[in-house]
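Shared between the two complexes below is subunit A, which has subunit B as its partner in the first and subunit C in the second.
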Partner chain A sequence: MLPAIVLITLALAPLGLLARTGPRPLVGWALALLPALSFALLLFQLPQVTGTTQIREVIPWVPAMGVELNFALDGLSLLFALVITGIGTLIIGYAGHYMHDDPGLGRFLLYLLLFMGAMLGLVLAGNVLTMFIFWELTSVTSYLLIGYKHDYPGARRGALQSLVITAGGGLALLLGLLILGEGARQAGVAPNQIYNFDAIIAAGDAIKAGPLYTPALLLILVGAFTKSAQFPFHFWLPGAMQAPTPASAFLHSATMVKAGVYLLARLAPGLGDTPLWNAALVLVGGFTFAFGALVATRKDDIKALLAYTTLSMLGGLIMLIGLGGKYAAEAVVVNILAHALYKSALFMIAGIIDHEAGSRDLRQLGGLRRMMPATAFFIALALLSQMGIPVFFGFVGKELLIEAALSSPLADPLRYAALTAIVVAAVGYIIAAWRLFKYAFLGTPSPTLAQRHHVADPRGMLVPPAIPALLSIIIPLALLPWASQLLAPAASVIYGKEIGFKLALWHGVNSALMISSAAILVGAVLARFERPLAAMPPHLPAWADGATLLDRLLAGVDRVGALITRSLQTGQLRRYMLYNTITLLLITGVPFVLYVLPGLTFFSPDPQLRVYEAFAAALIPIAVVATIRAESRLSAIIAVGVVGAMVSLFFVLFSAPDLALTQLLIEVLSTVFLLLVFSILPARFATLSSNTTRMRDAILAGMVGLLVAGLVLATATTTSFEPLAPYYLENSLAKGKGQNVVNVILVDFRGFDTMGEVTVLLTALLGIYGLLRMRREKR
Partner chain B sequence: MILILAITIGCLFAGGFYLLLRRSLVKLILGLILLSHGVNLLIFTMGDGVRRGAPPIVDKNGVAPFNVADPVVQALILTAIVISFGLTAFILTLAYRANQVTGSDDLDTMQGEG
Partner chain C sequence: MYDSIILRSVARLMLPILLMLAVFMLLRGHNLPGGGFIGGLVASCAIILQLVAFGPDFARRVLRVNYLSLAAFGVFFAAVWGLPALLTGQPYMTAFWIPDPIPGVGKIGTPVLFDLGVFFGVVGVTTQIALLLAEERNPREASDAGTAAP
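The block that comes next holds the complex of A and B.
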């Protein structure tokens, strides 16, 4: 059933194109049935997924190498799959409303469904290589979605940057996963299991002790940090806000960006809890957590503000995974669900504001509370959850976050760093959320907004964000036992052992509550001074922006590429020949001198050597030098003829009469041709190159000669495979009805080769004929 | 005997490469001719040993002579000789045309009419 869910979603994605016609919102909701069906199917699995058990379905692919399409369902993948299909259902319905007048809606939904299939595959994969394939597919579909409005340069830039960052990280990830598999092999895992998550996690301690752990982990972290927009790779996420809002709400808040978090959470029980793991995750995640929240307090574009709080929260999740421990595992899963609910609602409502009020810039909004009261109500619910105000789901998550930092088994510096990040982020979220609500919904409408007609609550479009916004308050009040049943297995997978936990709203007055209340208080006070705070330094200079730096880096790569191309591609044949010669000498010559030359026997006595053989052999070098030094066309033709004649003589001497005959015939023909053509050329050759160039070329050519001579000596004296000759010798008369074996091979055994040869000659003839015809027409 | 062939092939390759690095079109063609000789002999050495006086011709009963030469490489070279002739003929015609159009043998001055 698991492969079916993934593959059917991918295969049915073209149904999205149906949305090109008809009443679009209705078609959108009809298509939303597809993820809704998957959601229902997955929900039925809930009772079977308890503790850390897995439901596993395998389709073999390359069994010998441990490569297979391997799908597994456990608590963690079920949580993610439910979020993906649940939010996905709402998003597709929402897109039908949001983009009802966009002619490209069909294409957009196609991409969105493809993405959903890829994301489901990612979280349901039971094998790192299967997961990687879907990981890359999400990068590609994300690129298509961000670049959806490809008429705009900004959209193209955002799409390209996200692709460069996430696909670049994907390459690092692939390398890391392969090294990890090798580490698992060294740790004693069966070769056909080395890429399976459960085998890797079971062998975790042995892998951690091995030498491959550190390189594998560093590369995997690069992959996870780029995908989940961690500092310093964070900038692609705000750039990705160029995507249409439904895509932002789905990919860039609830699902794809959590892939890095998902991967680390899955690997945590096996590879986690080492000094490198803890420090990297807590420091990078914690910094991004605080940094994103602070930047968010200064953004005026609603989507940019939400993007920064998103990357901040991703940092928080990664920090939690780094902290380790029971509470951290619980905090991760609770925050994943809470964040997916309130953030998708916020993004969808940001889209509604943009759609209805014509802008999502806080400076051009205001007073929407009166025009869109229902929207104001639902965004308030979502914002309160984000702020972590008591009785909202975000509050439950934040309590666990603080508890995880307080009870973490790590050394004090890391724990305090984590605690600081949590407090800074909590305060930042309050300020950012307050600014959003204040400038968009309170006060009086801006002049541009006041002139706009029909700014009102939408009807159908408000349903999708209303559901997660309401769940943000209903779950903590009424559904906590049910949520615990879903979340406990997920937390158990991250922790590695079964955790039986019951979520509760009220834990009594403990230190977590004190810290959280203090943060709310500080946030509330600081929110009153948000204007001076936003104006306060430090303001990063424009060049320090990651997106600008990446642009420059890419432009630099282009420039270096152009420089190399210009210097290498001169358009002169002899330059190319020169590069090829040098390359040949380097890649063949150097290993030859190092490894083959020492074992070479140069001289073996040959009692049968005849005088005329030595004579023929001596004439060839003389004739070659004569060809090179020839100053007139006639002497060159004679010298080249001597070479050909001596080669034929060799064939006579060394048992190849057919070759000798052919070579002589061809030699005569070639000479006639040469005479014909050279007759129109200048009688004497000009000296075109300088002496130094000639000297350089002579040295290079001499080295090639030495190399080839050495290779002949090295290869002719070794036999590395069974010779083919005996077969032809034995079967020539019996099967080919001929005594001259060479002839039989040519016309019988390898007759098609000869046909190819004749074709080449015919083609050359046609070419020659064409060239000569051109001359006549010219006259 | 393999030493003789090795030296010969080395000389042909060296001469061929030197001429390919020249600016003159005619020398380039001469270089190609030398190189094709070198390659043919190179294939010749790659078979089941180089032998004297035992061509691969079987008698009426289909029995090969003692210590016979390798017929496979000979068949390959036979094809190669003919194809390199086709190539040489084509390039010579090309040089002929190029000389008519540009009036030069110098590859650097051959920019054609376009």
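The block that comes next holds the complex of A and C.
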């Protein structure tokens, strides 16, 4: 069932193109049935899944190397899969409304479904390589989604930056995972199991003690931090807001950016709880947590504001994983669910504001409360949950966050750092949320907005954000036992041991509640002064922005590339021949001189040498010299022909009739070709290059000649390998059904080589065809 | 091209003989010197001889095919005969043979058909190159014929 869910989602993605016809919102909802079905199927698995029991399905691929398509369902992957399919259902329905007049909706839904399939594969993978394939697929499909409006330079830039950052991190991740597998092998894991999450986690202590742990972990962290937009890789996430709002709501609130969190959460019981792990996750995550929240308080674009709170929350989750302990595991899963709910609602409502009011810039909005009362209500629910106001789901998450930091087993400096980050972020969230609501919904409409007609609550479009917004208040009030049943197995996976917990709204008056109340109070006070706060320094200079730096880096790569191309691709054949010759001398000649040459015997007198053989052999160098010295083209052709004829003669003398025939025919044909070419050129050679150039070319050509001669000598006299010839001679008739061994080799034993050669011939023809046709068209 | 009565007479006479030799070389290849590559070269020699004697327009008409397409077809045809092996789960290009030889042709199997593909490929490539070069030599002649390219 698991591979089916992933592969069917991917295979049915082209159904998205159906949205090109028919009533848009309806088609959107019809397509939303696909993820809804997966959601229902996964929900049925809930009773069977606990932290340690799994549903596992394996499709072998390269069994000898432990490579397989391996899908597994446990508490953690079930939570993520439900979030992906659940939010996905709403997003697709929403997209049908939001983009109802966009001619590209079909293409957009295609990308969205592909992305969803990739994301499902990522969280359902039971093997790091399977996970990595889908990890990369999410990078590629999100590139398509972000760059959907590809005629806007901003969208292209955002898409490219996200691809460069996440795919670059993906490279580091791949390396890290392979090293991790090697570490698992050294830790005694069976070779065909080294890439399985379970085996890696079970062997965690041995891997941590091994030498490969640190490099593997550092590389994996780069992969996870880039994907989850941690400082200093955070800047691609706000840039990715160029995507159409449904994509932002899906990718950058509920799914893609959580991939890094997911990976770290999954590896935590095996690889976690070392000084490096704790310090890296707590410091990077904690800094991003506070930094994102603070930047969010200054943003005027609603989507940018939400993007910064998103990367902040991702930092919070990563920090929690670094903190370790039972409460941290619980806090991670609760916050994942709470964040997915309120953030998807917020993004979708941001889209509604943009759609209805024509802008998502806080400076151009205002007073929407009267025009769009229902929208204002739902965004208020989501914002209150984000702020962590009591009885909302976000409050439950924040209490656990503080509890996790207070009860963490880590050393005090890290704990206090975490606690500071939590308080700063909590205050930041309150200010950011207050600003958003105040400038968009309160006050009086801006002049541009007042002139706009028909600014009102949408109907169908409001349903998808209303559901997660309502759940943000209904779950803590009524559904906590149900949510505990879903979240406890997920937390158990992160913790590594089965933990049963019951979520509760009220834990009594404890230090967590005190801290969180204090944060709310400080936030409420500071929110009054948000205007002077936003004007306060520090303001980063423009060049220090990560996106600008990356732009410069990419432009630099382009410039270097252009420089190399210009200096190498001169368009002159003699230049290319020079490069090829020098390359051959370097990569073949140098190792030949170092390793092969000392072992060669050059002169072994052959008692059977006959006079005519010596005569033919002597004729070849004479003809070569004649070719070089020739003044007219015709005599050069004739002299080259002598060389070819003598070589064929040798084939005859050494009983290779096939080779002799081929050589002779090739000689004839090349003579004709040369004649055809030379008949365009003057009859006599002209001396155009300087003597130094000619000397250089002569030396290079001589060296290549000596090299090739040496290689032939080496292959003919080597004894390092068992010769192949006897095998061919014995099996030609039996297995190849032919007595002509040469031909059987050509068409059967080494048929693949012949296939390649014929293909090369055809390619050469196409090259010549193109060259001559282009010349002809130029005239 | 070269207005020589001797060359033209010999060329006309040699065309069928060389083409038959080419097919002969192709068929005997599996047991005696020859094969698709050599056969293909002989056939293109036959056509290029016409090219030299009568010019590119005549040479184009010798086989009544587009040599570029022939080259592509040959490579395709050769590649196709590696596929049957995949259907039986064996590696690409594993050979299959008809048990009994066919009179006048010899044993038939996928390697022989592969060789036939090589034959077409070689004929197409070499002849087309020669034609391109010959037409390059005298662009006016080619444009008069109305077909600068096949």
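As a working rule, the second predicted complex is superposed on the first by the 568 of 779 C-alpha atoms of A that agree within 3 Å, B and C clash if a C-alpha of one lies under 4 Å from a C-alpha of the other, contacts with A are read in each partner's own complex, and residues count from 1 in each chain.
As a convention for this text, a contact is a pair of C-beta atoms (placed from the backbone, for glycine too) under 8 Å apart; a residue touches a chain by one contact, two chains touch by 3 or more.
Everything numeric in this text was worked out from a predicted model, so none of it was measured.
*Asks:* Once the shared chain is lined up, is A:I680 touching subunit B (first), subunit C (second), both, or neither of them?
*Replies:* Touch status of A:I680: both partners.
*Asks:* Return first, second, both or neither, reflecting whether A:L578 touches subunit B, subunit C, both chains, or no partner chain.
*Replies:* In the superposed model, A:L578 contacts subunit B only, not subunit C.
*Asks:* More residues of subunit A are touched by which chain, subunit B or subunit C?
*Replies:* Of subunit B and subunit C, B contacts more residues of subunit A.
*Asks:* Would you check which partner chain A:R773 touches, where first means subunit B only, second means subunit C only, and both and neither mean what they say?
*Replies:* The answer is second: A:R773 touches subunit C but not subunit B.
*Asks:* After superposition on the shared chain, which partner residues are touched by A:P390: those of subunit B (first), subunit C (second), both, or neither?
*Replies:* Once the two structures are laid over each other on A, A:P390 reaches no partner at all.
*Asks:* By the touch definition at the top of the document, which applies to A:A617: first (subunit B), second (subunit C), both, or neither?
*Replies:* first
*Asks:* Of the two partner chains, subunit B (first) and subunit C (second), which one does A:G168 touch, if any: first, second, both, or neither?
*Replies:* A:G168 contacts neither subunit B nor subunit C.
*Asks:* Which holds for A:T759: it touches subunit B only (first), subunit C only (second), both, or neither?
*Replies:* Only subunit C; A:T759 stays clear of subunit B.
*Asks:* After lining up the shared chain so the two structures overlap, which partner does A:D748 touch, if you call subunit B first and subunit C second: first, second, both or neither?
*Replies:* second
*Asks:* Have a look at where A:V640 lands relative to subunit B and subunit C in the superposition and call it first, second, both or neither.
*Replies:* Touch status of A:V640: first partner only.
*Asks:* Considering each complex separately, which residues of subunit A are in contact with subunit B in the first and with subunit C in the second?
*Replies:* Residues 657-658, 662, 666, 669, 673, 676-677, 680, 739-740, 742, 746, 754, 761, 764-765, 768, 772, 775 of subunit A touch both subunit B and subunit C.
*Asks:* Tell me, which parts of subunit A touch subunit B in their complex?
*Replies:* Within the complex, subunit A touches subunit B at residues 572-574, 577-578, 581, 602-604, 606, 608-609, 613-614, 617, 620-621, 624-625, 627-628, 633, 636, 640, 643-644, 647, 650-651, 653-659, 662-663, 666, 669-670, 673-674, 676-678, 680-682, 685-686, 688-689, 697-698, 700-702, 704-706, 708-710, 712-713, 715-717, 719, 723-725, 728-730, 732-734, 739-742, 745-746, 750, 753-754, 757, 760-761, 763-765, 767-768, 771-772, 774-775.
*Asks:* So in the complex, the part of subunit B that touches subunit A is made up of which residues?
*Replies:* Per the stated touch rule, the residues are 1-24, 26-28, 30, 33-34, 37-38, 40-42, 44-62, 64, 68-72, 74-75, 77-79, 81-83, 85-90, 92-97, 99-100, 105-108.
*Asks:* So in the complex, the part of subunit A that touches subunit C is made up of which residues?
*Replies:* 657-658, 661-662, 665-666, 668-669, 672-673, 676-677, 679-680, 735-740, 742-744, 746-748, 751-752, 754-755, 758-759, 761-762, 764-765, 768-769, 772-773, 775-776, 779
*Asks:* Spell out the part of subunit C that touches subunit A in their complex, as residue ranges.
*Replies:* Subunit C reaches subunit A through residues 29-38, 41-42, 44-45, 48, 52, 68, 71-72, 74-75, 78-79, 82, 92-93, 95, 97, 107, 109, 111-112, 114-115, 117-118, 121-122, 124-126, 128-130, 132-137, 139, 148-149.
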